[in-house]
Structure formats: C-alpha cells, structure tokens
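Input: structures, listed below.
One chain, subunit A, appears in both complexes that follow, with subunit B as partner in the first and subunit C in the second.
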Partner chain A sequence: MKTEKSRILRGMFFGAGFVALAAFLFTGCPSQDRMMDTRDAAQKVYVAPGDHDEYYAFLSGGYSGQLSVWGLPSGRFLKVVPVFSQDPETGYGYSEETKPLFQTSYGFIPWDDSHHPHISQTDGDSDGRWIFINANNTPRIARIDLDTFETKEIIELPNTGGNHASSFVTSNTEYVIGATRFSIPYETDLDVAIDTYADNFDGALSFLSVDPDNGRMDLKFQIVVPPYHYDLGRAGKGPSADWVFFTTYNTELAHTMLEVNASRNDKDYIAAVNWRRAAELVEEGHGRTMSAEYYHNYYEGNQGYAVSNRKDEVTVLYPEDIDENFMYFLPTPKSPHGVDIDPTGEYIVGGGKLATVIPVHSFSRMLEAIDNEAFDGDSRGIPILDYDATIIGEVEDPGLGPLHTEFDGRGYAYTSVYISSEIVKWSLDTFEVVDRIDAYYSIGHLMITAGDNVNPEPRYMLGLTKTAKDRYLPTGPKQNHPAQLYDISGDRMELLLDFPTIGEPHYAQAIAADQIKDQVKQIYELEENDHPNAILGVADNRVERDGNNVHVYMASVRSHFRPDNIEGIRVGDTVYFHLTNVEQEWDVVHGIAIKGAENAEILVAPGQTKTLKWEPQRTGIYPFYCTAFCSALHQEMQGYVRVSAADADVPLTWRTGTN
Partner chain B sequence: MKLQSRIAMAVAALMLLPLYFIPFWNISMTAPQYPEGIGMYIHIDDVQGHNRHDLRSINTLNHYIGMKEIHAEDFPEFDIMPWVIGIMIGLGLLAAVTGSVKLIMTWLILMVIIGIVGLVDFYMWGYDYGHNLNPDAPIKVPGMSYQPPLIGCKQLLNINACSWPYTGSIFIGISVLGAAGIAWYEKKISGI
Partner chain C sequence: MQMKTILTALIATLFLVSCGNGNHDVSDDPGDSDGLTDFQLEHGIGPVTERVDLGEIDPARVEEGRSIFRMKCEACHNMEGRMVGPALGDVMESRSPEFVMNFILNPSGMTREHPEGQRLLQEYMTPMPFQNVTREEAKAIVDYLRDYAENQ
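Coming up: the complex of A and B.
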C-alpha cells in the first residue's frame, strides 16, 4: 500500500501564476463568436403555435432543487417538476401525501441542490421510463415517473458527503450510482478532529439497484474508498458496460483551503469500478454489514401517502478485505471534473479541470494494463494503473478548464470549457480540436440530444452556462442562468438560441418527444385511485371527528366543493381536508386554499386525492376556495368553515345544496 | 324465389348482426377547449363516450345550462332495440328459408317503420334534452335551447355539435337496399 504523503509533497504552482500562463497560452486562438444567419436560425428553432417540439429536455434545477422541463428546439418552458424542494405552487412538500418524501435521517429537509438528471436506459439508450436526479447537499436520489412527471421516490445515501457523482444509470438501469464528493468519516456521527482527515475520513461509492418493473431503488452496497473527493461518474457502454467510472480530486487529502491545497497534485485519478463483479462479491458474502441510518421514501400504490421507511444497515465492500481486484485508479491530470464515455464504450474522457489537455483513456488498454499488472503502486489496496498504459490521447489546446464531454456518434466529442467560456469539438480519431464556439458565459455542463447514449442523435447541443451578465434584459444583481442551443448537424457548431432557465441547471438530458409523449397520462383514473381517504363518488362526502382530528372527505367537481359548509370545528382541532378531484378530464385541475392556514394551497389533478392539514388558531368564519381557474364559475367554487371556541358545543355538521 | 335470392336475403338479414357490436350513430362536438373533440357513440343497447370519460365530461359541462345527465340505464330504448333487431334478423332469415317475397316486403316495411319510429324517438329525446332545463341552472341564455341536431351540425353556445349515422348504419343501409333489390328482382322475373 502506497501512502498519499509522497504525492502531497509534490506541489506545484497554481493560482495567479496558472491563470497568467493560461492567458498567455490561449490568447493566440480565441474561439469565434459565430451565429447562423438570423433568419436561418429562427427557422430552425421555430415551432408553430400548437405544434410540438422534437425533444423534451430535462434540466436540473441546481439550487432550486427541482427539475425543469423544456421543449427543444424552441426553448419553450413546459414545466417544473418539484423534487427536492417544497413547492407551494402545487402543494408538493406541503400536502400530507408528499411530506414523507422529504424525510431523512436528519429530519424533514425542505430543500436541496439537484444536479444530474439521468433517464433510465435500455441497451445504453434512454428509454423514457423514469428520470433520476441527485441531491447534493443532504445526499439523496429521486426517481420521477415520465408518465405523470411526478416525483415518486427519494432515497437517502448514508455515510456520504455531497452526493455529486450521481445519479447516473448503467446501460440497462441495473444500478444508479452515488458517491461522496466531500469525504467524511464513514461511521455515522463520528465526532473526530477535522485534522485527523487522513486517518478517520473515507469515501463511499453507492450502488442502488433499480427494480425493472416499478423503478423502486434499493441501496445494494457501498464501497469504502480512500478519502478523495469523488466528483462525477458515468457508467460504461457496450464493452465497458460492466464498469462505472468516477473522477477524483483532492488526492492531496486537504481539509481546508481546498482551492489551493487540493490543487497541488499533477494527477488525480479516475476510479474504474467493475460493478458487476462488485455486486457478485456482495452476493458471495464478501461485504460487511454496517450500521447506517437512512430513509427510503416512496409511494406504495398509485396514490396515497408516501411512506418513509427508516433503514439501519448497509452492506459495505472494503477493497482491502478482498483478495480480488474489482476496482482500479487511472491517474488523470489534474483535478478532473467530468468523466464521459464515448458511444462505443472505448474512450474514457476526463475533464481535466486544471489541466492543459483533455486526457483520453482507452478501455481496452485499461483491460490490458490490468492483465499485465501494469501497476504504479496502490491506494488502500486499490491498484493504481500506469498512466502511459491506459492513456490513448491528450487533446491539445482545448481551452482553459475543460469540464464535460458529450458525443455525436459521428466520431466527434464536444467538451465544455469553463474558464475560456467555450465549447470545443474534437476528433475521437486524431484527438485534435476541429471547431470551437463561444459560450455565454462560463459554461458548466453541455448536453447533446441523446449525447450520452450508445446511439446519439446529433441534432442539437445545449450549453448550460453560469452567468448571464448582458445576455438578456437585466433583472437585478442576481439573474437566472442561461442556456444556449447549438445546431451540431453540420460540420461546424452554430448558435441558434439563447434563453434564461430556472434555478441553476447543471446537467440535462433530452429525449425524442415521440419516445414518451404517448405514455404521458392525461388523468388519474378514479377507478384506480387507491388513496385510503379518497371518495370515488361525490355522494360519499362527509366529515368525521376522531378526538381532536377532524377529517373532511371532500369532492371537487366544476364548480363546487362537497361539502361546502362545515360547522362544529373547534379551536385546537387539526383538520384534514381530503380532497378528491372527481373530474376525469385532462387538465381540469382543482385546488384548495383556506384563509390563515399555515400551509400552501394544494393542487389536485383529475382523479387524484390530496390532503391539506389545517390547525385553526382563532374562532371565526373561514372561507376556502378553489385556487385553480377550473371553469367559468371558478370564483363561485368556494365554501365556509365555522370555527368555534375549544369548549363550544356546536355540533359537527356539513352540507352542500340549497341556501 | 331463386336459391341465389334466398342466400342473398339471408345475408341481408345477417347484415344487422354487427349492430350488436358497433355503434350506428355518432354525435361529436368540438369547442375551443376541446381541440381533441368530445362525443358519444350510440349503439342499439348503449351510449358510450368517444373516449373513456367523455360522457362524464359532457354531463359535467351540461349541468351549467341545466341539461339532464345522460346515463345509458335511463333509456328504455336500449332494452328494446336488441330485441327488435333480433326479431328482424329472425324474420329476414325466415323470409330466406320460405322464399316468400311477401315476407321480404313485410320485412322492408317494418324496417322503414322502425327507422321512422327511431328517428322520431331520437328527435323527441333531443327536444326534451334541449328544452327541459333545470330552472336552477347557472347559465341561462334567454331564448336559447340546446336541442342537438337530428342530422347535421349545429352551433350550441361554444360547442359545435354534429350528429351523423355511423358505421352500424351502413350495415343497416346495405341490409335494406339488399332486401329491396332482391324483392325488386324477384318481382321482375316473376312478372315476366
């Protein structure tokens, strides 16, 4: 086992000096401010009123915690799917049904930072069943159904700090991955001095299986790895489909001032993990069972209240426990960010964030190096492969700060370059840059239509940038993050469209609209409504008292509630409005809001049941109304609740009908 | 009667069989809010929405102007019509077996009477449905009634309603025309 210390000693200059060098290096070849003839560009993005876009694009919400849905090429905003943050607009995270989704081992967490949406795959291509997305801050992974565009499941990752290398799926959605970006002590709640980092901290790589029938996730195992920072991950494809790859930085084991201290080493690693073998090792009993507290939240049926299951142990693989090697480190310059696998599964592209080249490893050479044991030491029992044995190309002159790469399936790769704010297109054959184009400004991820699939669709590329500055009408010191749409169907990239987005999109995914639009549900079938407090016919409306809890079983249909007059509620009661929207017509939504409720409204889709909790604090008459403009008589869709004193003897009554 | 004519008459009678499976009338409606359309198919024993929940939606919309809800079980016609069609098939087959041209003529006259009674009944239902409105209806347009068209299209407030025969009626048409042709042919050859 090789220690980290020798590497830590190998410092090199950075900071201002590096930037100065970079400025010198790159002044000779600025990328071009190039846009297609305006009329041609307009024609390419024009989708006539009433017509549909060719692609659904799913953009992570970043610090909004959500997932936004857009049409491409028009850049039409379609919807925000609330995932990790409460959404008062829809009542997500406020209704009793959705609150359990927010449960974690730290309690109810109302917000998170969502980064990398990834559509479920079959044979390496997006299949449109589900989309997964990670929460970075309180590490979690969510699953969203692509027939209802609703979050159906959230699972917490224990022993993980910053779940960033997530939520990427393997070629047949066997697993969705997570990893520690900020290494922490593996044991929960371990109270140690921070400067004992090297001794007490660990990294954790998480592998969650996905039930092929219903998408339900299960944390099958974690691998405990050296306390580097595991930044991004990707599953292999085709020949490399049994592997996943993670980038690492902070192999220096810094725990303070990381911008300097974690940027010293010339090379960090890409970790290559044979997940299929690791899963077999777990099956064969090589894992340790360790205590770990985490929550798994999901819906058991079509509807109803999400359940929160507390889990208390996890199966863990320690590479040093196991004689057999199932993971390797590939030295990669320098604090690599993205790791992206080309459509053939052969090329492993590192985004050498601080490197002056884009390093490309060969999967087949990696296997050869493993066979030949071309090792350059090891780290905690994990072999480090010889750099020269796995590297197949270094793309020169890629700009400054290459981050992420996607592919067009025609032999070209497209890498986003943050500091020099551009996208470079390079050949997977010659490893030479063939085209470059500006990004506005400071690009993070880029996304090509199906660009991470085995069969990319080289139509459009979306650049997701970090600052808008002067691109749009100014909207104050903090502006929304931009996206730029490029046409990549020709030899040269051409800018088509530039539009502001929601939150801070990191990664995005696009899928041909035809692949999912016919599966999208228009209503929830009332007949299949399995909510325990649903009323399937308006005649079943009623109010029931159970101690201090009052349950209102209410129906909404254009344009009234049943019941709409309720008396006999007392201060101190907790009132639950179980509202069933008995409409069975697409997009006829009803909502409910009640004066003074310390809660949001809730919106209820046709055929759906949702529960609004209300704890009236004062006596009085409380109007409630339908918040959705459901019909011409929408404002008549209202009612009253009478709240009496705690000791009042007003009988509980309810009615709807004649005055 | 010639053997061919008998077989043809049997086929004409059996042409009514599809009525047990497919609708014979269609009422379709469009409105700005219903780009996809909404409507109902009328069978001899049922009324069904074009889509699964169309009847429910039609009933929901119509309550604003005070129209009654449409429920298949409220129509005695749906209990009677399968028997009527069954009897006509039987009678037609009987005519084929016996080779009686008179029976074919009787069958034809009955079919015409059934058609007229059916249309009159449909008109009367439509009249009642469109005129007999709930006085508590939220939307009242003075002088406006909502009788659906018997045949053809009609604008009713925001809804354009069209009423036309549907696939089942083609089979009725083939059946009646076929029987009439056989009767005409038999009369012609026997007349020579």
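Coming up: the complex of A and C.
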C-alpha cells in the first residue's frame, strides 16, 4: 500500500520534472498515510439506514456541467441537479419548458464546464435560499432553488472569455460576481489579429445584482480592466464586506504558450474592488453604455416554463474615466490562483500557485496604504499598491503549488497544495504550518463545512482531487475523480472517507441539513400550477390541431394516461405532449417516452406540467409508456398513437377507457 | 456466571435500544384492525375522530367540492361505473361522511389498517394516494358527493 503510493507519488514527481524535484527539496518526504483507527473512522461516517446526514454537500460537476448533492459524513450520493448540460435522465434540456434555459448569443449550448457553486449568504453565512454556479466555457451563471433543487435561471456574461472567477456572492448576496479568465476584445465579433492582444483585448469584471425576494439576477455593470487573466474571486467579510478580490495571472500579456510566457513575472496581482463604491458610481452616471448581446433565461411564474430574453447592451465602468479610485492592484507572488478571505475579513490569502510561500495580505494595512498613497505605479490608471505595505505574513514551507484556503473559525487556515498533493494547516496567528496530510491525488479545491463563512463549522473538510489512480477498483483508463473527507474537529486532520464523484468535483459547498431540509418541497401544488398548457382536471384532456402542430393536453395518474389512444396524426406533424402529473403525493413521478422520438424521456414531478416534442417520420402505430416505475400497474401505463400518411383523411380523435 | 449476566443485560439493552425507532407510521391513528374502536370501524381511521355535523347541503361548498373533485379525484373515480377506483355516485348512501373524509385524508392508513380499506385495495389493486387536500376541502368533496347522491 505504502510502496504503491510512493511509486505513484514518485511517478507524478518525475512527470513534473524539474519543478517536482524542487518540490521534493522544499517539502521533504511526503507526510505519512495518516488515518484514524479504522473502526473510529467508520463510526464517524456511519449514518444508520433511514437516518439523515448532518450536512448537504454540493459538489460542482466540472466538465459534466452539473451540480451533485451528497450527504456528509456518510458520503451518500443524493442526486445530480442538471444545470448547464442536457440530462436525458430527467428530460432537462429536452423538454420544451427547459430548452430556453440553454439559449445563448451563440445559440442553444447543450454543455458547459461548471466549477464554483456558492450558496447565497446573509451576514456572511450561508443561508440556504439559492446556490449559484458558473459556466466556464460559454460564460454564464446559473441559480438553483434550494426548495426544489432545480435550475431556475441562467444568465450569459458578455465581453467574457472563460467565466472562472465566479459565481461567488457578497456577504448579503447583494451581488454575484463573474470575470474573464481569457481576456478578449469587448466589441462583439471583432475580427483582429491575435498578436494585437495588448491593444485590442480587455478584461471584464462582472457584477450581477440578486433580487432578495426571488433571487433573480441582473447584470448591473462590468468594469473594464487590463487584459490580464482573472482567475478566482471572493467577496470580503465584516470590515471588508464592501470589497471583492480577484487574482490575476498573465500580467505578461501573453497570448501563446502561456505555460512559459505567463509565468515570467515574479509577482502578478490581486485586484481589490470596492464594489459598493463602483455600484454608486454607476448609479451616479459614470458608466458607459455599450452594445453587447447576451441572454437572460429564467422561469416565469411558479413552476411553468423558462423564457429567454435577449439583451443588447451593458453598462461598463472604465477606471480611467473616473477621478476617484475604487479599485487597486496588490502585487502577489506568483501567478496566484485562489484568493480567500478569513472569517474576520482581515486576511486576504493568495494561493501562490508557483510561489514557495503562501502570501497573506492585511485588509486594514491595505486601507492604510491607500490612505498613504503607498503606490508603486499604476496599470491603466488603477493604482498598484506597494507589496510591503499590504503584506502581513508569508507562510513558509507550504509544499509546492498552494492553491485554495478555507478556515475553521478557531484561528487556523487549511490550504490545498497541488503538486505535492497535500493539505497544510497553518496558524493565522503565527503564519506557521502546524499540520499536513496527504491528498489522493493532486488536490484542487478543498472545502470546510461553512469554511468560507463568517462562522465556520469546524467539523469536516473535503479534499477535491483530480486523479483517482489506484484508490478504487479500476474502471478503465479514465476514472472518476475522488473526494476525501477529513475530520478537522481535533488538533490534527484525520482522513475518514474516500469516494468517487461525478465529472470533476471542482469546488463544493456544505450547509447544515437543518438549514434546508424543512424547506424542501414534496410536491408542486396543482392549485398553483400556472403552466399555460396544464390541464387542471382530467376532464380537460384533449387533442388540438393547429396547422401541422398538434397539441396533446394529457394527464397522468397511477396507472394511466388520458388520453391514451390518439388517431389522426400525420407524417409531417409536430406533436407536443403537454403532460400534467395530477398526483399530489411526494415522489410519485410519471414519465413519458414514445418510440422513435429524437428526444429524451420527460419526467414530470407531482403537480408539474412538462412538454415532450415529437416529429413522427413514418406511418404506423407508436406505443408510448410511463418511464418512471410508479405503481403495481406501471406496466399497464401505456398508450398508442396512430400516424397516417401526410395526405390521409383520418379524423383527429382521442379517447381513454372505452375498449 | 457474572460474565453471563452482563452479556444477557447487554443483549437485552441492545434489543430495547435498537427496536425503539425506525417504525414511522404515516397514519394519524396507528393500530391494527383487531384493535379498532367501534367509531373507527364505522367511520374510518384518520384525523376525523368524532361525528361531524354537516348540516344542510351548502351550494357554495358543493361547487368548491366539484372543482376539487375535478382536479384531484376524477382521474381515478367515475360517479357511475368502476374505473381505477370504485364509482362514487352512491357512496354517501353506504358510507358515513366521516368515513369518506378519513379515506380522503388518510388513504394509506385506511388501506393498511382498516378492514374495509384492506378489502378495497385487494379488489382494486391501486392504492389511493393522498392528494394534498385539507380537512375543509374534504368536507366540501363530501357535500359534492351528497348533492350528487340526492339530485342525480
């Protein structure tokens, strides 16, 4: 076991070549495989059958585009919430109601890469109303309701390439943020030579307001910034709550071979933005209106269908337009990745990805430096603060490749370290490492229960790692990515559990189950069904022809559809099955699928209405059936559609129950 | 000997502890059919535990009951003739209002624990679901069924 692990670690070290050798020299031997006594660990993660976990954990799906939900400490898989990718399992992105969520200025996009889920906050603590998550590739932000666990809104970000520093919220969910990872020209569809990067490319920081009543987002403004790469962001807390912080890399302005060309400068920056002041400046009319095409898609009403709204302009702030400073650059070594704010709001921790230390800035020293104008030049009118004026500590010997930090609220920070594949625990008082533990293998983010809140809960920590290798039974050349659960309630970190997840578990959030579970809906009330094509009584079931479009207004209840015999459909018709599930009992779901449909099944929750679109290509008899095992007579829950030739004169009829 | 006593005590404790929970019953008034009260036998098991004074049939309540019935009951019940469940046109002639209300409000308890509910489940095979109906709404459905029985 140990030999196998060192073999793998060694392999990874050799793979990373010179850098790995350096890592070895800096960090010494990797720490021992440390795990609590097996029986103690088993007891700590055991949740008896029928009992519930202490925490909901929401793990991003990375390149699956989704959000997965798990119970902690058991590691029970609860469900996948589909967000940015079509999901044939539920019909999300295949039903007419959900297709509009996928609309962008580039058309219908069936996939994305989702990285950073973030739960809405009140006074700096997760409040369990909504969870936001970003799409990297075609830049977007989604909002998922935490009473239905369904994606209710997706908004596109213009002027942005790779929305990675997203979707973090401010302390009271005033704003959710986005930023460009790959700077691009602002002007839509601008066709320029790539080597005009320095002249034509710009960075964009996006600020989306959140309606406190229903969570609806609105792209309030963007800040036009130098064409660096904006990597991660976090809002401040307490005294720093009016600020957000973004890391940058590629201050070298490279546009090719960034691996080398964007790693030359000893320091890049953390951008500190006073979002409250920026918002006031926009209110006072200091922004410019710029044309920009993007889509804002959201559910209209209670439970009906999503709508797509095309937007054509955005308000942008140019720092050089404005006499006063509302943002600053804090020099930070070296290509910093994460930026994380401690629970008091005072410490701004950079993940110095290529640095040999973890740099810690002080927020109060930053304010002093601003007052004293301790500037070291500027970039496009944005003052660069003097490094020594803001830095308060550098954590020595953190391992190689420190990335992300969370906090336990007891004076300690925990930083994930990628290349040496470990987690280091260090003191916010002495800035010294006090404990370290292995991660299996190559850790990206870590997450502590409420570990980004003003009041962290020092219970559990999840390590979200990038490769499984030998950790589980082998399942081929490509294996699922792991997560590891650690107990952090004591002085030393202890490994409890190691389990594979879906996609790439990039970042995660956990919230005490008690904060959410009583608000979770069991049914959609039929009385509140405001879907325009719902039938709220089975007597209303019918089929209507409108040219070549045929609308089937259908109901389902255990164990039949109404209607279940339909004739008079013709080749060339487009048929819409508007299925209302009139059940009002928790978890009694019906689905519908019809032979030959170039579509997925559609699942319909109790009280909900969903629409399956079908374009029959051939004459014949087409069975349809309930795809969700619903009752003892589920096998009987079926029907037939007769499809006749395009010029046939079979009358349109429908019936149920008379054989 | 002492060891044996401790072991016995331990095992007894284990049984006591481990069997104490996990058997959550959704019925409001659990009990097996043998132990039913006379009231329960005649008027069903559920939230309605004493006679309800319905008074005269109220036309407004009949209308309310009709619309709830259309939305939540009609998928399975005809007034005349068997469907998924039994015909309800004459149900008020054979059942008390309390029995019907308890069946609407506590269908899973009724089909599991009441002899009449068990018999109906055996006959119709599809368990009746709770359709998110309040007690007042159940009363309105009863008025609608009474009205139908008297006037059709």
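Couple of notes before you dig in:
Convention: the second predicted complex is superposed on the first by the 635 of 659 C-alpha atoms of A that agree within 3 Å, B and C clash if a C-alpha of one lies under 4 Å from a C-alpha of the other, contacts with A are read in each partner's own complex, and residues count from 1 in each chain.
Just so we're on the same page, contacts are C-beta pairs under 8 Å (C-beta built on N, C-alpha and C of every residue); 3 or more make two chains touch, one makes a residue touch a chain.
Computed from a predicted model, the values in this text were never measured in an experiment.
With subunit A as the common reference, subunit B cannot sit beside subunit C without a clash. Contacts of A:V434 after superposition on the shared chain: neither subunit B nor subunit C is touched. In the superposed model, A:I523 lies in contact with both subunit B and subunit C. When the two structures are aligned on the shared chain, A:G657 is found in touch with subunit C, with no touch to subunit B. In the superposition on chain A, A:E583 makes contact with both subunit B and subunit C.
Once the two complexes are laid over each other on the shared chain, residue contacts for A:L633 go to subunit B and to subunit C alike. Judged by the touch definition given at the top, the superposed model places A:G537 against subunit C, while subunit B stays out of reach.
Comparing subunit B with subunit C, more residues of subunit A are touched by C. In the superposition on chain A, contact of A:R558 is made with both subunit B and subunit C. Note on the superposed arrangement: subunit C collides with the subunit B stretch 25-33, while the other options among 7-15, 25-33 or 97-105 stay free of clashes. Subunit A residues in contact with subunit B (one complex) as well as with subunit C (other complex) are 523, 557-559, 583-585, 631-633. Interface residues of subunit C facing subunit A in the complex, by the touch rule stated above, are 22, 67, 70-72, 74-76, 83-84, 125-127, 129-133. Against subunit B, in their complex, subunit A makes its touches with residues 523, 557-559, 583-585, 631-633, 636. Subunit B contributes residues 52-53, 56-57, 60-61, 64, 138-139 to its touches with subunit A in the complex. Here subunit A touches subunit C in the complex through residues 50, 523, 525-527, 536-539, 555, 557-560, 562, 582-585, 588, 607, 631-633, 657, going by the rule given at the top.
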